[in-house]
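Below, each structure is written out as structure tokens.
You will see subunit A twice below: alongside subunit B first, and alongside subunit C after that.
On to the complex of A and B.
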């Protein structure tokens, strides 16, 4: 037996939650100066939710990891400094319509956020957020989730996964948080014996598979042994070092910490998104930069995602969402790069 | 295309240059190419998807590109304005560079455009351009082409905004700029943002707050626009690169119009034309000085 949810009932569910003061984030259509796109944004009304649009141009991470977040405020008072810590509990948020690649990223980044310290802000947001993902009904030439062990209907990182079936959705409940959501919406999700809806996305999955096949273990091994290789210089020439790829990446999580004055003797300490592609990221106070040029910086991007993170946490730091490919003004194409490295790894393997 | 490939081959074979910067096809469209051996020249292409402003790679910030040695660069007429700008501002010596001027029939707004070039797909910067080769070119390739007629008034979107009240305009820019996450991609792709240390990176004093809150975002985007007044070469790369979909080109365009009205300056591929920021004229308006 499967549980089904009609779009009308989904809208009613959203209305209930909005009425109860829950923040609801969903993909919405935008038009700025003639350019149309979809982005995750707070909605006031369920009609705004676009579950059938293209992939949101920016990732879901901004919901649990805002581009700027105040850590504490400070005030100087006659030589004494008073600190007022920012709260690390947040009001309830429901995400409706997360892409599986965005939902999975949350769980992957959890690892590093609970590694050398426990990131209270990240987990505060995670705790407050319920994620309802929706299986993809479309993909493009930049998607490669299947190459990193995910799929257009992966449930990873989601509390519910909705699988589109006609004008309704099949509801897959994934976590205890998802159980709780079902509990309060049981009458909206009747059991039904309609044939399995899962196959709706198998065509999408096939399309994605055709974009890239890769052997992550071999890739990781090759990367570990080829910190120095002419490939890095060759592929990075066109890279502007702009970092747009990291800013749209659901798994990139680096941040900078700054103190900003907000008047005489008072200010705030904030953390802001940062990225390893601009030179400033590793520039030392002495003027020395250990990552001396863009080839070293781009290598870092690939190494961190496909070698360093996997060896530390057993996870690839990439969900194959393809955003870095779509956004890049220079035409850097991670699929082509991974395919080339993969080929090197194959050749290295055969001569061993 | 053959002409371009043959020329590139010859330049490399004769060791006139160490590498040719041009365009090649990739999986999705067209991207910049760096060719350093004659056999690779067959990769080079030029068509309406060749959007990118290649002189951006000539900025001294690109140390790995500089490491290639002497370069030949494929330039459209509009791209040559960036070369002229870099020469004007002493970032580049003309004699250190070979320019391959292409005859251009206009480009699309993005390099992955699969549709034919026409009024709908033509990039804004091509509106009104003849597409002829730059006078700076050392070599010219391609037959003369016709740029498709523009799909309307290029400045229609600017005119809309100019009609608004200051309050409405502020609200609109607040909405747009609140989307900025301060990646600085707009700066990194800009051929004229060549500063080794951008004012936005200064922390002592912190002129521009690096946090992507509305105040920091206004400081950043307004400062960047002002630093490019009379310097922006109108390639539109900042807007294309912006992951937040902010219509940055509007700011640059507005400033270009002010530079033209107040200083009679229009961006040009003639490096000997002084830019207002780097020249002094007795008849410059100064009524704003109290």
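On to the complex of A and C.
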């Protein structure tokens, strides 16, 4: 038996939650200077939700990892300082229409936020957020989720997955949080004995598979053995180190910690998104820089995602969302780069 | 109180080491935290000036000296310059201790050779006092220290004290051109002084800290002299922000310097890519 939810009932569900004071975040259409795009944003009204649009330009990570987060406030009078704690519990948020690649990223980044030290801010937001993902009904030439073990119908990181079926959705409940959401909306999600009409998104999956095929284990092995390789110099030549790729990446989680004054004798310490591609990231006070040139910095980006994170946390730090490819002004193409590394790994195969 | 919130510390004393380096003696404002605070030689902390930000220093005092911590810092940027403008009685923030530590217990009953260049003496000084405060538990202790010039030597009063003690050998040098007319130490670079001091490798541990050039020349030299790579210890100082293995800034290959380090052996460094 499958549970179905009509778009009308989905809208009613959203209205209920908005009425109860829950923040609802969903893909909405935007038009800026004639350019149309979709982005995740808070909605006031279910009609704003665009579940059939293109992939939101920025990832969902901003919901659990805001671009700037206050760690605490302080007041200072002469030499004396008073600290005002910042909350690490947050008000309820429901995300409707997360892309599976964005939902999966949350679960992947959980690992680094919870080894030894537990990041209260990250998990505070995670705790407060319920994620309803929607299976993808379209993709473009930059998508490659299938190459990193995900799919347009992946449930990772989601509490519910909605699978479009005509004017309704099939509801797949994934987690206890999802169970709770179903419990309060059971009458809206009647059981139906309509047999599964095959994989709704299999055509999309097919299309994504054609973009990149890769063997992550082999790639990881090759990367582990080839910190030095002429390839690094070659592929990084056109990168200008702006870091845009990291800011649009759902799995990039580097941050800076800074103090910001907010008046005489008071201010806040915040953490802000940072990126490993600009040279300043690792520059020492002495002028020494362990990552001397852009090839070293781009190598770090690839290594971190496909070698370091897998070896430390057992996960690939990439969901194949393709945003870094779409955003790059220099035309750096991670699909082409992975294909080239993959080919090297293939050729090295027996000699490793 | 969340992970990123520091404890408040008071500056009890400021010692001018050189024209650009100072040592701050700090104590926790909250008596309960002061009472419960403990750390191991080699660990570091995130020190902050409210309104300027945070930066990373080792704890330069010894864990055997309770009730305070010391940090020695060189003014190189935003926070360290703000730290220079502080006075005795002012408040700073401290998060820590973080990271791993030197294997003091394993070194007991053995010889220990300390080698440092410039401000690299700060983390080494912590281990020196740690071993001196437990002097009868170690065999020979040798300190080899060099700086660019006489005025760049840090902890001058302590160098004098160590020089006067009979239970520790002290060798000092300054770079050619850095000497003064009354300088009685050697005039050479640190690796040359190590060769001159020729510490015996048998039953010995080495602790080496300093600028990258001192590390890269001294570690192979010690191995050539017969020190086991597993017994040559140093620290890495990759730039850090969180100190907690989260912010992604400090890694050398698969290693997070803030959590897996900052203390590494020469043997471990050989398995890492040269990104430090």
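The working rule: the second predicted complex is superposed on the first by the 345 of 352 C-alpha atoms of A that agree within 3 Å, B and C clash if a C-alpha of one lies under 4 Å from a C-alpha of the other, contacts with A are read in each partner's own complex, and residues count from 1 in each chain.
Here is the rule we go by: contacts are C-beta pairs under 8 Å (C-beta built on N, C-alpha and C of every residue); 3 or more make two chains touch, one makes a residue touch a chain.
Because the structure is a prediction, the values reported are computed rather than measured.
Enquirer: Is this a clash or a fit when subunit B and subunit C both end up on subunit A?
Expert: Partners fit side by side after overlay.
Enquirer: Looking at A:173 after the superposition, I want to know if it touches subunit B, subunit C, both of them or none. Which is it: first, second, both, neither?
Expert: neither
Enquirer: Using the touch definition from the top, say if A:85 reaches subunit B (first), subunit C (second), both or neither.
Expert: After superposition on chain A, A:85 lies in contact with subunit C alone.
Enquirer: Just to be sure I read the superposition right, which of the two partners does A:147 touch: subunit B = first, subunit C = second, or both, or neither?
Expert: neither
Enquirer: Using the touch definition from the top, say if A:256 reaches subunit B (first), subunit C (second), both or neither.
Expert: After superposing on A, A:256 lies in contact with both subunit B and subunit C.
Enquirer: Could you look at A:24 and tell me whether it touches subunit B, subunit C, both or neither (first, second, both, neither)?
Expert: neither
Enquirer: Where does A:308 make contact in the superposed view: on subunit B (first), on subunit C (second), on both, or on neither?
Expert: Second partner only.
Enquirer: Between subunit B (first) and subunit C (second), which does A:119 come into contact with in this model arrangement: first, second, both, or neither?
Expert: second
Enquirer: Looking at A:165, would you say it contacts subunit B, subunit C, both, or neither? Reply first, second, both or neither.
Expert: neither
Enquirer: Rounded to the nearest angstrom, what is the minimum C-alpha distance from subunit B to subunit C in the superposition?
Expert: Here the least C-alpha separation of subunit B and subunit C stands at 5 Å.
Enquirer: What is the shared patch of subunit A, the residues that subunit B and subunit C both contact?
Expert: Dual-contact residues (subunit A): 256, 258, 261.
Enquirer: Inside the complex, what are the residues of subunit A that reach subunit C?
Expert: Residues 71-72, 74, 76, 79-81, 83, 85-86, 88, 112-113, 115-121, 227, 253-259, 261, 267, 269, 271, 274, 276, 281-286, 288, 290-291, 296, 300, 303-304, 307-308, 311-312 of subunit A touch subunit C in their complex.
Enquirer: Taking the complex as given, what residues does subunit B use to touch subunit A?
Expert: Within the complex, subunit B touches subunit A at residues 26-34, 52, 56-57, 61-65, 67-68, 111, 157, 176, 181-185, 187-189, 201, 203, 206, 209-213, 216, 237, 240-247, 250.
Enquirer: If you look only at subunit C, which of its residues touch subunit A in the complex?
Expert: Within the complex, subunit C touches subunit A at residues 1-6, 8, 48-54, 74, 76-77, 80, 86-87, 89-91, 93, 211-212, 237-239, 241-242, 244-249, 251-254, 256, 259, 273, 275-276.
Enquirer: Quick one: which bits of subunit A touch subunit B in the complex? Just the residue numbers, please.
Expert: Residue positions touching the partner: 30, 32-35, 37, 57-58, 67-68, 141-142, 233, 236-238, 240-244, 246-248, 256, 258, 260-261, 270, 272-273, 275, 278-280, 292-295, 325, 327, 329-333, 335-336.
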